[in-house]
């Protein structure tokens, strides 16, 4: 299923890029202000889909570079890059997956952390059970969804619960953060630990309750230019653009913290 | 020759991925990985739930196949098309659909919750339901085919001897189509054993309760490719052994 | 139709309409009587049997057994197959392949309320009566054709049916087995106290096994009666062929019967008006030239075909009338009888029979 979704996301991204490219006939246009041009391929974590799509559009408009995204799970992206997929930039949702790429010698220079994500308690809109802290989730009939420990949001949840000293028995360990969130939206669970960005993207159905222990389980998002990048100039420009005020604004709106 | 070449290619296409798994299997650490309690728990749950799902499919699917094969009623074509819905529906969507019906807020689930205090999601029952939903068409199609191929005059003969519909069905029709039912049940079981999308969506994932082998394989893939390969090999071995033995006893015999 | 109504066990008027085909068959059978329903393929024999068994509903008419209505569309009466006291022997027997001979026979009694042991005991008795006690544990596929036929008969009789229906019961057997089995079947049918309907296209089965023959063509009764009447006085070409007679229809004036504008025969019987004239092929003599002397019926003919018929040859002749003639192989050789050959045919008046057609 994962690969199907990946393919769909990739196709959607390609279609979006293709459509926007049709309008401005960009391939023959003169390069933008900073002297970069051509085409840029960015492999980015799935949780960046909304914010990077937005940043990409702004970047295209400002720089005249056509940006193609491949959004997928960070571990899948790391594998693809190490297997030789043609990418210029890698933005990961976790340092571990970045290390996979760096250890294989596929990075160009040091990665930089451009965003941080942290957990919130996602509850149905209006917070009917009045949840305010992690300990509220241990009530006998409370049904809670966590991410499986194998995926980043699950590992983060484990850390936060340890830090709070809360022993929580979830009803399910979901495969990824979106699946955990979906269980809240469908009303099958009373709460789930998800990233603030995901809760914010689902704001019509859920509320995100902040809790102090989430500070113990902050997820860093590193980004790097890849060694085999075909368009290194554009790649560096994109990195800078992500960390510019415009980029930071988009990320903050999505619920990320920016350093 | 014109048939052998594509036939050989077809076999190769099906078997090569298996070879790939075998080639990458971590043979040295295999014994200790096999005996991990989590692995055994997932395996046991998978076999149990696939078997229960097959029993459920037999109990509901055989009568439905009989209805489709033997009873003329308006809308039969539509019903037959509806039966195949789970075949084309992506299993994840099937899982969501099950949640919308049997979930805590679902059409039937909310009633179950209010009346009996039963909630199905995140239970082993949910695993069985998800597997049965996805696997039942395999059983129905096989049994309906067998029923259509069977000589209905035997049923007429039974009627002339005083047997009503039910007795005729249990004493004559079912024994006559037993090989077809067995083949359908085997297919159904195999499909249930490998079920992933509907299960993880409807039943979630919790070790010992709802974590079946395919779900365990999927999660292992996130961090540990070798563990995923080992789990897949176990699943393959168990299913091949069981299917081969069932085939000999039920179908050829 | 002259029997007193009380004697009838089966009283039916079977009307079944399917597409262009219409079966319209009045039928009565007395207790212990065996009626053969005879007719060519497609005449509606099997349709009639299925209607009696309840495997096919009547379109109109009625079906009553022992005073109880089974099917009466006008009154919306319908007794389903499984509640009719019938026994059916199907053309290819339809023994349940997954059951032993014993369990096949015990199936009916079990459904009629007997316990497992009682049903098996009755089945064993019936198999013994059929001389099949040694084969009780065999599956149908391990039985010979004749054995399977007898198991099928035992299965049908074991429910002690008020109406026994036999659909071409001997058709699947080879000639040798058929002779034996026919004799056995005759014995069992004679012992059966209910009504029996035998559907067949084989006149010999009908003549040997049945007390009365009902002959249908295209859904309608064309002749009905006992064997002697039907063999002596066929009324349609189909019946005449069945009983092996040449049959013509004509207008009689005394002994002379006019068959067409320019052809007539002299017969042994005297009638006036529409008559049938019948004579056996063996009564036809063939001559290379026009014979003179005693036979008063002679005519020129052309040989259309030659077939073996028992020990003799049957010669098909064209001419003013189409005629079958039986000759010995010696005579055939002497006359050099080959298709296309012209000969003279002769029939003695005394060997022809005329009877009213009205």
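Going by the order they are written in, the chains are A, B and C; count residues from 1 in each one.
Going forward, contacts are C-beta pairs under 8 Å (C-beta built on N, C-alpha and C of every residue); 3 or more make two chains touch, one makes a residue touch a chain.
Please read all numbers here as calculations on a predicted model, not as lab measurements.
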Specify the contact topology among the chains shown, as one of line, ring, star, complete or other. line
What chain is most central when centres are computed from CA atoms? B
Centroid spacing, where centroids are CA-atom means, of chain A and chain C in whole angstrom: 88
Inter-chain centre distance, chain B versus chain C - centres from mean C-alpha coordinates, in Å: 55
Round to the nearest whole Å and give the separation of the Cα centres of chain A and chain B. 36
Two or more other chains in contact with one residue: find those residues in chain C. none
Name, in rising order, each residue of chain B that touches chain A in their complex. 90-92, 96, 99-100, 103-105, 121-122, 196-197, 200-201, 203-207, 210-211, 215, 218-224
Mind listing the chain A positions that touch chain B in their complex? 1-2, 4, 73, 75, 143, 145, 148, 150-151, 170-175, 179, 182-183, 186-188
For the complex, which residues does chain B have touching chain C? 151, 153-154, 156-164, 167-168, 171-172, 175-176, 178
State the interface residues of chain C toward chain B in the complex, per the touch definition above. 53-55, 80-84, 86-88, 90, 94, 96-98, 107-108, 111-112, 155-156, 159, 165
